[in-house]
Amino acid sequence: ADVKIGFIVKQPEEPWFQDEWKFADVAAKEKGFTLVKIGAEDGEKVQSAIDNLGAQGAQGFIVCTPDVKLGPGIVAKAAANDLKLMTVDDRLVNADGSPIEDVPHMGISATKIGEAVGQALVDEIKKRGWDMKDVGAIRVSYDQLPTAVDRVEGALSVLKANGFPEANIFDAPQAKTDTEAALNASTIVLNKNAGIKKWVAIGLNDEAVLGAVRATETVGIAPDSMIGVGIGGADSAINEFKKPAATGFFGTVIISPKRHGYETALNMYEWIANGKEPEKLTLTAGQLALRDNYEAVRKDLGIE
Amino acid sequence: MQDFLEFQSISKGYPGVQALSDVSFSVRKGAVHGLMGENGAGKSTLIRLLSGDQSADNGEIRIEGEAQGYRSVRDAFRAGVIVIHQELQLVPELTVAENLWLGHFPGKGGVIDRRQLLRVVGEKLAEIGIDVDPSAKIASLSIGERQMVEIAKAVMLDARVIALDEPTSSLSSRESEILFALIERLRSNGTVILYVSHRLDEIFRLCDSLTVLRDGKLAAHHPDISKVTRDQIIAEMVGREISNIWGWRGRDLGAERLRVDAICGPKLKTPLSFSVRRGEILGFFGLIGAGRSEMTRLVYGADRRHQGTVTIDGAIVRADNPPQSIRAGMVLCPEDRKFDGIVQGRSIEENMAISSRRHFSPFGILNRKKEAELADRFIAKLRVRTPSRKQDIINLSGGNQQKVILGRWLSEQGVKVLIIDEPTRGIDVGAKSEIYEILYELAGQGMAIVVISSELPEVMGITDRILVMCQGRIAADFARTDFDERRILAAALPDVPTEQVQPS
Amino acid sequence: MTSLKKLLLGEQGLVVIFAVAFAIVALTVPNFLTERNMLGLLQSVVTIGIVACTMMFCLASRDFDLSVGSTVAFSGMAAVMASNASGSILVGLIAALLCGGFVGLVNGVVIAHFRINALITTLATMQIVRGFALIASDGRAVGINDPSFYQLALSKFLGIPTPIWVMGCFFLVFGFVLNRTVFGKNTLAIGGNPEASRLAGVNVSNMRIWIFALQGLVCAVAGVLLASRITSGQPNAATGLELSVISACVLGGVSLAGGRAAMTGVIVGVLIMGIAENVMNLLNIQAFYQYVVRGLILLLAVLLDNLRSAAAGRRS
Amino acid sequence: MTSLKKLLLGEQGLVVIFAVAFAIVALTVPNFLTERNMLGLLQSVVTIGIVACTMMFCLASRDFDLSVGSTVAFSGMAAVMASNASGSILVGLIAALLCGGFVGLVNGVVIAHFRINALITTLATMQIVRGFALIASDGRAVGINDPSFYQLALSKFLGIPTPIWVMGCFFLVFGFVLNRTVFGKNTLAIGGNPEASRLAGVNVSNMRIWIFALQGLVCAVAGVLLASRITSGQPNAATGLELSVISACVLGGVSLAGGRAAMTGVIVGVLIMGIAENVMNLLNIQAFYQYVVRGLILLLAVLLDNLRSAAAGRRS
């Protein structure tokens, strides 16, 4: 029979997911299966999406869930619709918070990405010869999103482990996950601590860190006194590297939408068509990209 | 007979206005008691206090000697008091029957007994002689019909006291007769009726006793109405004598100014034609639902016309909307002041200047001094009772709101055709004669004026010619010399063949 | 009017149009008219459908409730946390009803007694309640411990999942309440003319408080069912629900100016929303185009409804 | 009334209360009353402030515009894409104005001519326009090529950044338009009673179309400034802006029932929103509690305003 595979993502507006879909489409073309792309922003939408896939005769689907705690529900729904299930990016967990190991997963742990960010910051601080005591850290936070917390905390743990003073970390809560909100929140942090002249910034994604970078620009902190490291590596970050002069946006940890999109789709196809069950757990690595090497990194990851 | 309903030193103030101060009077059992006074004298305020909707700052209301400390409309119901307010209080989306039962739906355990709902209403309406379908939505009725439904509310529940605040202001004589018969019946059952009106004829016809208010104070109390004269009452109300309120005088009529050719619209199927000359005051008379208001709205372009033309001074008005009509020199003062007239939330000043300000606002920038002057002029001229021109129009009494709307159109410049639908609805005698004077003055300057009125004495008193409408058609045309109450009424009645009432 | 026009623009016009649209979709969209898809579709509108029942009352009385999404999330959360803590699903249910009812009551009291605009009041409580849900759970989803809680949503009766039955019951009950009870008529009266209703002796503030409290309770039911379906209490659940529910009601002919509402209309509105979503996914329409299509359907549906009202000659 | 009460509950009561609150905050919150923080605060409310100017007209005329957030994003996007393509910032600006104006015009025409409820119409266009922004950019942020575009937001005049000046000018101009022009008075009249205004010769449909078109243009300006501030066009920018702007207006005493509005009030409303956000961050209030606080402030402010109206004896 014709193979039909669903690909459900939690935030279709996010460039990351656009990329995942794009690469999954490549796999679909190659192997000649149908890919059904559905955006599902919350638990209820995921449930209907799975029903919908079942109704249209799909044999399996890949999901990046809006919340990992939706795990048992998703597993049950998939079983009820007789659909094979794989997860991407975020791994499902049980009610008690332990990962559901039966479901094949490809991703990178949020904490790990965060740690990569933290490491990049620590390295650059040392390279510039800054004294950690003189540096402030803007923690652009969006605490209602668990992955956001995990990433930011991951980065902070590395900073702290390297002697970054806890007292120099300042929370800039975004009201929404866009650049403007991060910009406004960061501005307040900068103004409140006008005495600190050197800054680093972390956040849940590139947009959040960009907000902090813009904030340093508006209050007149020079680009070389700011180190922002984002997560994602899609256009928002690339645009920044393309600017004629370097900005405070130092780098971004790129994760590969190609592997996440293309490989998961391919694996699912193999599973359905040839009964070849995928690896239970594939962890991909995030890779730091800087202004002068981002093109190489992207090529390396197979993006573009 | 004992005093059944007593008001004892009632006072009520609103910010900037003392609406009632120390008013005391009483009404005997089974009496119809009139309440008169200029616009803003405090009549409706007194009625509102009686309804339990608001409470007095001071004083008390007693029924059968018992002080009524009620705090809500429901308390008033329980005490047997029902009030029909000056402005219609109906829910347009509900049916006639549902409106009549509102607040007291029949049924058990919160579930409405629909059969009883319709049956009782049908019976009551038939008994009273009101011809509306109990299951029709209020929204589909004309104002007059709505007023009749409102009145039917008064008899739905057995009340000891019924207050009616200007119930006839949008009724024509035939419907008024139904109301009067109803009042007679209630009186004979011993119900006390408090009756507010500006029409002296009605007061003399219905009332046993009378109270006159002036500036919120008791001006006079007449336990026996047969001992007073009209002029005396007018003097007590207005503080001066008015000998002849109509004051009509002849004018020279000029060339044809307004010509309406075969217009018809969604609710007016038969094409209508008529014309008005310079300086002429043309009256339209008819029963409720005769289609007069529809006609004015079509002429003015407030509703879309299906066909027909309107010509002013020989030029066709391409008016299918009010702004164009106004620019062509035609204005309409609408019938329903609450929905079509006042702009609530805005001051008297703004309500008056809304249209005429374009004449003195270069590049759309206001001339606030001019607007203030204009407002003050018409407040004085029409004797609007208000603490200031800045007052929100919603806080004015009904009659005073009407005056402001009139002021809006009287202050307009370059008007060639003035159409007024029920110009003196709810307006006191004193102000009425002032308004008529203004109309004569405007007509004297060559304006063509169309007056729609349901009050036969008024149409006969102030117009030069009367067109009678009946069931959406012009049924008869009377020149002033042929005015005859009986024949005009006959022409308005749908059951009489038109040929018999054609003027000879 | 020709008889076709009459049919389309008449009282039951919306239902007729819906039936026609449904038939077209059923014939042209593959996999649409299968039992599985129909059940899936119905399940997908359970939350919207249930909450729309009381939103209809709210709108009909000329009010507005933006806090429903937050209340659904908060009370779902409460159900999960209480049942986890107590080990009893019943306790969870009661906790949810208490929380939902409380939010509704507060809305009602603030709106009716302090006379604050409903839009603003519920915009405020929407945020406050969302904040509570986040605070209670520390921003993370809370998993359900007792698997039999899932059964609420998974169990079936006559082959149809329980949540769909619940929704059906709500439709019946609230349809009856609207048309046949004093409560329903008073609601419409308040919406049609609050002043007149007050003067006729309807206790307008009590009515409003009741309507909001009911709305809160109904949100709690929706919240419990949702938590059971997604096997966890999620502080971020049901964001944006308010607009979907209001859209469904308006599609169904409930007037935002108050005084006009019908249960059949609301049901049709809810189904239109569900079908649109369902068909777009069946047809694999791209995510970004879905925004555009959703907006256009909304516009089109109210436009048709407007033509209908115009034909019925209602004065605005 | 005592004179204190008079002051607080009088015409300028909101301003007085605001002044008092401001003084308290300035004295108690460290780092609040610094030049840097004040400038930061003002910059953070530029988008809300600018859009509030026309939203005030929209609400005052008894309408509603939910599409502002999408329009800001879409026209910002358009500005960036057009200026990248043409190499001219002016072309970008014109493109933004065209896009914004077009959205506004469509809103206005649909609302005024097809008589569709404004809430529903703009709820639909909100989604459609967001869809366009996403489609046009393929969901990605579009970077600005020409660095002098950034200067729009970064440049200063007399030490104050340009966007703040722009906002100030809008406040002045729209304040004047509201109080001193026929346009403003007609807007208020329409809000008070649309039918009466129509019969009094106000061209109500034209007015509504103008108001929405103006709203679209103003959103375009806000969109361009925002794009310049964040140095890119982002299709997801300004989500939820509509509710913030409406809140600001209502805080400032604009009546949702139409007919009542004042520019000073709106300015105060905008500032309250900005200060609340600013102070919460300065005081390091936890994110989840911020939701609660935001809701409470909204409630409190309208409650005070209501007391004020009650004291002024307005009839509802």
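The letters A, B, C and D name the chains in turn, as written, and every chain counts its residues from 1.
In the analysis below, a residue touches a chain if its C-beta (ideal position, glycine included) is under 8 Å from a C-beta of that chain, and two chains touch if they have at least 3 such contacts.
Note that the structure is a prediction, hence the values are computed from the model and not measured.
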item: Contact-graph distance - origin chain B, target chain D; value: 1
item: Which of A-D and B-C has more C-beta pairs touching across its chains; value: A-D
item: Distance between chain centroids, defined by C-alpha means - chain A, chain D (Å); value: 32
item: Computed distance of Cα centres, chain D from chain C, in Å; value: 30
item: Rounded Å distance between chain B and chain C, as computed from the means of their C-alpha atoms; value: 44
item: Distance between chain centroids, defined by C-alpha means - chain A, chain B (Å); value: 70
item: Where chain A touches two or more other chains, by residue; value: 12-13, 143-144
item: Chain B, residues touching no fewer than two other chains; value: none
item: Sites on chain C at which at least two other chains make contact; value: 134, 139, 287-288, 290
item: Chain pairs that touch, as defined at the top of this document; value: A-C, A-D, B-C, B-D, C-D
item: Touch list for chain D against partner chain B, complex; value: 180-183, 185-186, 188-189, 191-193, 195-203, 255, 257-260, 312-315
item: Touching residues on chain B, where the partner in the complex is chain C; value: 51, 53, 72-74, 77, 83, 85, 88-94, 98, 102-105, 107, 110-112, 114, 139, 266
item: Footprint of chain C on chain A - complex, ascending; value: 12-13, 36-39, 41-44, 46-49, 51-52, 54-57, 66-73, 76, 80-81, 93-97, 143-146, 149
item: Chain D-touching residues of chain A, taken from the complex the two chains share; value: 12-15, 18, 141-144, 171-173, 175-176, 178-180, 183-185, 187-192, 194, 207, 210-211, 214, 217-219, 234-236, 238-240, 242-245
item: Contact footprint of chain A on chain D as seen in their complex; value: 30-31, 34, 36-37, 40, 43-44, 47, 134, 138-144, 147, 153-154, 161, 226, 229-232, 234-240, 277-278, 281-282, 284, 286-288, 290
